[in-house]
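In the two complexes below, chain A is the common chain; its partner is chain B in one and chain C in the other.
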Partner chain A sequence: MENKELVLENTLVQALQEGFTRLEATVKRKARVEAKIDKDILPSLLLFAKEKLGYNHLSHIGCVDWIEDGLFEIVYILWHPTEKINLLIKASTERENAIMPNIDYIWRQANTYEREMREMFGIEFPGLVGRKDFILEDWQDIPPMRRDFDTEKYVNEHFFNRPGREDAKDVREQVAKRSGEDIPEFAKKYSRK
Partner chain B sequence: MINDKNSQGIVDIIAEYARKQSLFIMAYGTGCGAIEIPPTLTSRYDAERLGIRGAATPRQADVLLITGYLATKSLKRVIRVYEQMQAPKYVIGFGSCTINGGMYWDSYNTINLLDKYIPVDVYINGCMPRPEAVIAGFEKLKELIQSGNALGWKKYEDNLEEYRENQKKVIVNWQMPDYNW
Partner chain C sequence: MREETTTLYLGPQHPGITGNMMVKLQVRGDTVEKAETHIGYLHRGFEKLMERRNWLQSFTIVCRICVPEPDPNEENYARGVEEIEGREVPERAKYIRVMVLELARLASYMLWYGGQAGSAGLYTMGQWSVGDRNYILDLFEELTGGRVYHMYIWPGGVRRDLPEGFGDKVLKTMDYLEKRLDEYDRLLFDNSIFQKRAQGVGIIDPKKAIEWGVVGPPLRGCGIPSDVRKDDPYEVYDKLDFEVPNIDGNSDVWARALVRRQEMRESIKIVRQVIEKMPSGEYYNKIPNPLKWSIPKGDAYVKTESARGEFAYYMVSDGSDKPRRVHVKGPAYVHGITLLENLLVGENIADVSFIMNSLGTCPPEMER
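Showing the complex of A and B:
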């Protein structure tokens, strides 16, 4: 019964797997299909999805910092205007000297996302237009959206603090203290000492 | 001109009285607090009946409102605007972000203490302060002006080196004219 409802999604998965051998495609739920692929063949998959399958709208490009695995995962969200399906295409790159293929010749609006990712995560896109400062001005530290960027340390070094707020530095601990609950094990390593 | 509050002559008292009756706000909204300014100035709270209204350019303005958080990028513009304003000029820090950073205290791109970078005459606390609070803040500023205590601009001239040092700590690539006082 469930399969009947997901006819369009299953057809899409089949079409993707026929076109590309090194690709994992799964149906996540209704109107959402996810595909994982190598970053080298990512532009051809995006072109294939745009020209052949009709996913001609790029909704969003996101970046996830998997610091434990040493990876940046870039998620391209495509939208089919008539079939009403979101296609999530995921590709990973190493955190050190991260390089991703530039796709702003496929969708021009990708340029904005790529400039932002270059500045906030330090991912290089060869051939990117507009490599000057985008959002940050005069930034000299490591890119601020990386998870190894210590915001509090940066703030203490660069800005002033008004005395009298030493009690409320760690929000997680304060909330736990007030509600009388323990901090979960997985969250403890992110607590500020 | 007035050099300190004890040397207010009769001319100064009259000048200050006239000055406090018409405060022109520089229309430069830096943070989310700018949304409280339209209701303050328009028919609901009608701040114009108290002599408070907007000005288009820094050179025509008396009051600079820093409405909420101040990003390091807009700090550059704020300093530029402040230095262009004509001499009896006042700064109102608006919302808790200007006082101690507010909810953005640990953000990498917003400053925490406004009075380290430009002198502040009146702080209005709250997140966000309602138009009543804004008007109360202006009334306080008027009191300070009348008593000759709103001398932030004087403080800025006297301690320019110190302010510059703090400003240049945030604005690394300083590409602004160094004004001659």
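Showing the complex of A and C:
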């Protein structure tokens, strides 16, 4: 029964695996198919999906920082307008000197996503045209969406407390102090001290 | 005669701009030769904040990503968490969610009426529609406690059940709004100023629209009846009877306005069905202690049809008590940047904010 329902999804997985040998594809659920591929073959896979399979709508490009593995995982989400399937294509790159192929010649809106990832994660896209400053301005620190960017340290270095609010840094501590009640054991790990 | 272009900065403080953003225009006379969207005036770092907050704390901030229509964010977030965790949602909660989403769509379209008409100089329309929008906000206030931000649709269901007699109030409001829509037609769509301003302006090439990433009313205005509620049904939309507007128009501002006009009537139809079909029973599948609540490792791509188009979340969990990554993609990320920059070329300066309103450009979802 389930296989019958997922006919289009399974056909897509088969088509992908026939076209690309070094590719892992799975059906996640109805209307969601996932494929993992090496970043060097990524542009050819995207072109294949767009031109041969009809996935001509680029919905989304997202980046996840897997700092413990030293990798950035980038997911390209495509949509088939008639078969109504989202194809999630995942590719990884090393965190150090991160570099990914530029694909804004395939979909022009990819330019925006790539500019954001260049700024927020520090991933280079050779051949990417567009202003370097996208959201941030005169940013000197490490790219802020990386997991090792310490937001609290940055705030302490760049901003000052409003006079009279020095004691209000940790709401949990303050409530405990004013009410005279102890912080419950399970909540202590969320306190800043 | 000297031929030269002038740089014109439209925004970030400008009544015609849809929020805190700026469009840098190169103009020759009053014709736009080049447009460039500049954002960064509203970056609040929600995605980064969510990495430092637990799953329930993150839920309280997602609604802030969109002011005119916060509920698709809540619904996306809740459904994403449920999908990764495999949590069941009671049937009644799904119906309540659809009701809230459709009321939010109506409220958002009424704000759009004000913006679209206001940017053509027709201010009465905005005063009417924003005034009537308050009746929907009253309903939200009674249901959720908040008029604009609701924090109501959360993982596992909704935060509280419908108050007594709430369904009747909703139905009465729908009857009132339906009558008002006829008057809106007379005031805006029968108005020759609006017709002349909207027809033939901001035309999107229908053959390229899907490839360019256009979604929502602008795509339906190109004669492509694409709607997440039909294409990838969520909650209980597959059990409801409604139509997706198929406008055989010119893909211009006028076509997009007609799409929204028709969709308001469809939303009223959906709300009535939901009230009629709403089952009784539980409205919430209780989550464990939120401070100890971890979500299994996995990812989910969820999307909702918001008033401006497909609103999507890509959510990743690493098995801990905090999200690894929540990537938000609102329709304006494409509509307000690559699409707008290309559409404005060759248009008149006076039509810039008019076209922006028709695309539903919304800076908070561009920079999150």
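Convention: the second predicted complex is superposed on the first by the 161 of 193 C-alpha atoms of A that agree within 3 Å, B and C clash if a C-alpha of one lies under 4 Å from a C-alpha of the other, contacts with A are read in each partner's own complex, and residues count from 1 in each chain.
Assume a contact is a pair of C-beta atoms (placed from the backbone, for glycine too) under 8 Å apart; a residue touches a chain by one contact, two chains touch by 3 or more.
Just so it is clear, the structure is predicted and the values come from calculations on it, not from any experiment.
Student: Quick check on the superposed pair: does A:Thr151 touch chain B, chain C, both, or neither? Answer first, second, both or neither.
Tutor: In the superposed model, A:Thr151 contacts both chain B and chain C.
Student: Identify the partner contact of A:Asn56: answer first if only chain B is touched, second if only chain C is, both if each is, neither if none is.
Tutor: Touch status of A:Asn56: second partner only.
Student: In the three-chain superposition, say which chain, chain B or chain C, touches more residues of chain A.
Tutor: Counting residues of chain A touched by each partner, the higher count goes to C.
Student: Just to be sure I read the superposition right, which of the two partners does A:Asp69 touch: chain B = first, chain C = second, or both, or neither?
Tutor: neither
Student: Check the residue A:Phe159 against both partner chains and state whether it touches chain B (first), chain C (second), both, or neither.
Tutor: A:Phe159 sits against chain B, while chain C stays out of touch.
Student: In the overlay, answer first, second, both or neither for which of chain B and chain C A:Asp40 touches.
Tutor: neither
Student: For A:Asp138, decide between first (touching chain B), second (touching chain C), both and neither.
Tutor: In the superposition, A:Asp138 touches chain B alone.
Student: Once the two structures are fitted together, what part of chain A is touched by chain B and by chain C alike?
Tutor: On chain A, the overlap between the chain B and chain C contacts is residues 136-137, 144, 151.
Student: For the complex, give me every residue of chain A touching chain B.
Tutor: Going through chain A, the ones touching chain B are 136-138, 140-141, 144, 149, 151-152, 154-155, 158-162, 165.
Student: How about chain C: which of its residues touch chain A in the complex?
Tutor: Contacts found on chain C: 36, 39-40, 43, 45, 47-48, 51-52, 210-213, 224, 226, 231-232, 289, 291-292, 299, 301, 303, 310, 312, 314, 316, 324-325, 327, 329, 333-334, 337-339, 367.
Student: Would you pull the chain B residues touching chain A in the complex into a rising list?
Tutor: Touching chain A from chain B are residues 72-73, 76, 99-101, 105-109, 111-113, 116, 166, 169-173.
Student: Please give the residue numbers of chain A that touch chain C in the complex, ascending.
Tutor: Going by the criterion above, the answer is residues 31-32, 56-60, 62-65, 75, 77, 81, 84, 86, 88, 107-109, 111-112, 131, 133-137, 144-145, 147, 151, 186-187, 190.
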